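Both complexes below contain subunit A, partnered by subunit B and then by subunit C.
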Partner chain A sequence: MFSARIAENFTSPTHGGELADPQIVLENKDPVCGDQIRISIAVDDGSITQARFRAWGCATSLATANILCVWMEGKQLADCVAATPEELAEQLGTLTPEQRHCHEIAVNLVAQLQPESVA
Partner chain B sequence: MNEIVNKLTNNTDLIRLANGAVSQLFALSDEDLATFQFEMIKRSYAYHFENNAFYRDLAVCADLTPDALLTEADLAKIPLIPVSAYKGQDSHRLLSVGLTEVEHEMRSTGTSGVPSVARRCTTTVDGGVQSVYGMYREFLGISKGAGLYLCPSTEEIPEMGMIKALNMLAGLLDTHRFMVRNEQMIPEDAVAQLKEWDTFTRHIIGPPFLIHRFISFLKATNTKLKLDPGSLIITLGGWKRFSGAMISRVEFNQECEEWLGVPTQNVRDIYALVESNIVAIEDEHGVKHVSPTARISVRDQNDLSREMPLGKPGQLAIYDPTNFTVPGFLLTEDIVTQEPKRDGDTRSGQRIKYIMRAPVSTEFGCCAVNLEKKMDAQDA
Partner chain C sequence: MSNLSGYFDYNATTPLSDAVKAAMVDAMEQFENPSAAYAAPDGVKTLMAQARADVAALIGADPAQIVFTSGATESNNWVLRSILESQDRSGAFVTSAIEHDATLASGKMICDQQGRNLRIVSPDSEGIVPAFAIEQACQGDVSLVSLMLTNNETGAIQPVREVSGIARQTNAFFHVDAVQAAGKLSVDVSSLCCDSLSLSAHKFHGPKGVGALYIKNPDALTPMIVGGGQEAGLRAGTENIVGIAGMGAAAAEARARLADRTVHVHALRTALLSELHTRNLSFQVNGPSDQAQTALCTLNLSFPGIRAESLVARLGLVDGIKVSLGSACSTNKHSRHSHVLQAMGLDEARLVGSMRISFGRYTTHGDITRLAAALEDGLGVFQRLAAAE
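After this line comes the complex of A and B, so read on.
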């Protein structure tokens, strides 16, 4: 049911937590199952320097939150904004049909990123 | 022969066997059942101590290694996991198996919207299925008929514990239909469906608020139905509405009799918790019997180490040895009483009466309350 990638990111999350003074906060909730992810992001000179998550829900959604934070950190904000749903799907790896809502959550979160969202 | 028996009952295999023997366990004497349950809990405790670093730390802090669990009095020392831990970001710490061994995730979403997610490995699913079906057979005796499900389908809200548990009953019926779709129930359709099923014993199944809502429609339209001899009204979910008002059980029973033609002894409520494999189902006297594979303990809310006497309300703790995925030693947020054995009751084991959700609970309500809130918002 769970791929090694999801299992690893769920059981050993590296990016859990919340930034004290984030420049960007992304938030999305699946209205059907209640899964919820909030990611706080620090940006410096157009580059994402830190991303931390808080998440509630199934193992795949908690793993998705960690995967997204790892993926974002060190990237240019503009590159994240330009990411396609396919690219995000690749990050999450193979998901079962029951887990695919987590890809939707990831897409919805990344869609909230805008280059001009940093003051 | 002894060798086979020894092999079958070795370590946690005893628990696997017990899951399939609900009726046989109820037939034991109270003393024998308690001894058997203690043995299962002891083995389960040793299993989780060995396989779960987080729980082992809790056990060491509580100064209760498995070999120190010697008598039934020691059960109260077992560290309990609050159900709120199932909602946390670090719920992976609860696992006694790797996530790749988890077969199923089941949810309960209260009104706060934060889902409680209970994970089960194959062995735990096996045990849950066997014991839940065992309990359904023991108390409901259903093997045929038609089920009018006044709730959404598992297709619409998969993984939702309440619906999943009720849906298991459907496998014992000849036909069934879910009457809530897109958070809407059309009571006229439900009446028409009941009338159409004229060659089946008809049962009505769902959370109390939806059956209550259906009866309100029957009252408003002065439609009196007469279901069949053997028809059951089976409820699962809270009796408190999202508005905070309680549905009176006495009135509910009377209305089932008056508007559905189902006598009180055939109205059966089920208590279940997504985090546990156990259920408690009412017998014909309205007394809820706890699955004999597990033990409950009612704790003093002001001093959780203290057990309350029979009939006195307290916070429900569960020792569920059938959980191989996470330690099944739970501190719930439910206020209950443990009820005495009624004269003439031939079943052994424990009886429970649900009172309310604990006032200290951060969560008001359950899946059913959440569903009702959404349905009312749609109706408005």
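After this line comes the complex of A and C, so read on.
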């Protein structure tokens, strides 16, 4: 039902929370199933130094939020902006047909990253 | 019985009891074909007769009124098709919105094929289909009325006795789906005044793949399968002897244990509700507020502010606890809610936060404490993760 990657990130999320003064905030609300994810991001000199999430949703969407935060931290913002849907799919690992909408959620969230929004 | 400490899905299926296993093992030695002329008197024919008598006794029927099937889905499909195809198409089929798909889907398919009027009656907010609403739906020409005895998701006991009178007044055939009641509550076909009633062995510690159909007047049925004359000519094919032996043993055991079972599940339900209150967990019970109208082995709960899909997944992955989900994400991003809870008119938050807990013979008070602790832990985790929302 759940891949080991989804199960681990769902049951033991390492990046839950919210930054006090984030430079970037990504938000996704699925209009159909209602899943919500909010990722707050700290950027220093073009590099993502911290990412934390709040989420309400199914197990896979919660895991997706954690996976994205782990993936972003330590990366150059420009590299994250340039990430392809295929790269994000690799991060999420194997998804069942019922879970594949979480890949779209990940793509939608990353598409909100805009380098020029950071002062 | 091993590996059952986290099992809270008895409404989905139940484990074989030791007595049932023993009966099935014994039956494996009975290899003769029951239709053969040489079968020994104390052999397979006797086994089948005993099983039929035990199933009949469980529901107060005559053994001649019991037909073995592959389960209640077959029984429900068979009755609906048989009755509706034998009657004038002007008569409506009346049923409720909270029936299992074995009734709803098959009834809709048959009515669509026949151009027959299908009338689906909604329950009230506690999951009980009001008898007066069935009566209103039974105006005019009605061929068949079908109502479940106990709802599988909420445990709500339906007013079957009253509805049988309504069906009789309209000269309609009256079928009862008793899958979640047989072996759990006292079921008596004479008292219910039904024309047919379906049950499945695996809901009361019997094997899967075997069930029965009670038919008050076997002449009212057209054969399900023809060719061999088995089951009084109604369902041809060499009998599933091992399964039937298991179902008979399960029925006998369920009947003998019914009073103890009632006390046991009542105590478990009371303990779980008490544990949840003691832990200050916020929840709502989906189903009748009156316990007298509820199969007490079923507890459908909604936890506000969380998606139960996540909570159920966490219970399984972290705590090894199995409960059933009311609503889930599904393909095409469409939300998939319980048709029963939707029919009750529950709002979106209550739908997505719902889960079904069902317990039974092997559930212990230690299991209840473990479940309550796991719910408290999981709710805390998800509430923290969603805290900013």
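We take it that the second predicted complex is superposed on the first by the 119 of 119 C-alpha atoms of A that agree within 3 Å, B and C clash if a C-alpha of one lies under 4 Å from a C-alpha of the other, contacts with A are read in each partner's own complex, and residues count from 1 in each chain.
Simple rule for what comes next: a contact is a pair of C-beta atoms (placed from the backbone, for glycine too) under 8 Å apart; a residue touches a chain by one contact, two chains touch by 3 or more.
As the structure is a prediction and not an experimental result, all values here were calculated from the model.
**Student:** On subunit A, do subunit B and subunit C fit together or clash when superposed?
**Tutor:** Overlaying the two complexes on subunit A (C-alpha atoms) leaves subunit C and subunit B clashing.
**Student:** Of the partners subunit B and subunit C, which touch A:Ala20 in the superposed model: first, second, both, neither?
**Tutor:** After superposing on A, A:Ala20 lies clear of both subunit B and subunit C.
**Student:** Counting only touches as set out at the top, which of subunit B and subunit C does A:Thr11 meet: first, second, both, neither?
**Tutor:** Once the two structures are laid over each other on A, A:Thr11 reaches both partners.
**Student:** Now for A:His101: first (subunit B), second (subunit C), both, or neither, which partner does it touch?
**Tutor:** second
**Student:** Which holds for A:Arg38: it touches subunit B only (first), subunit C only (second), both, or neither?
**Tutor:** second
**Student:** Per the contact definition in the header, classify A:Leu62: touching subunit B only (first), subunit C only (second), both, or neither.
**Tutor:** A:Leu62 sits against subunit B and subunit C alike.
**Student:** See if subunit A has more residues touched by subunit B or by subunit C, and give me that chain.
**Tutor:** Between subunit B and subunit C, the winner on subunit A residue contacts is C.
**Student:** Given the superposition on chain A, at which of 61-69, 115-123, 223-231 or 241-249 does subunit C overlap subunit B?
**Tutor:** Of the stretches 61-69, 115-123, 223-231 or 241-249 of subunit C, only 115-123 runs into subunit B after superposition.
**Student:** From the superposed pair, tell me which subunit A residues show up as contacts to subunit B and also as contacts to subunit C.
**Tutor:** Common to the two interfaces on subunit A: residues 1-2, 7, 10-11, 13, 16, 32-36, 54-59, 62, 98.
**Student:** Under the touch definition given earlier, write down the residues of subunit C that touch subunit A in their complex.
**Tutor:** So the residues of subunit C touching subunit A come out as 305-307, 309-310, 313-314, 317-318, 328-331, 333-335, 348, 352, 382, 384-389.
**Student:** Sort out for me which residues of subunit A touch subunit B in the complex.
**Tutor:** Per the touch definition, subunit A meets subunit B at residues 1-2, 4, 6-7, 10-11, 13, 16, 29, 32-36, 54-59, 62, 98.
**Student:** In the complex formed with subunit C, which residues of subunit A make contact?
**Tutor:** Where subunit A meets subunit C, its residues are 1-2, 7, 10-11, 13, 16, 18, 30, 32-36, 38, 53-60, 62, 97-99, 101, 104.
**Student:** Going by the contact rule at the top, pick out the subunit B residues touching subunit A in the complex.
**Tutor:** Spelled out, the residues of subunit B in touch with subunit A are 87, 89-92, 95, 98-100, 102-105, 107, 109, 113-115, 117, 119, 157-159.
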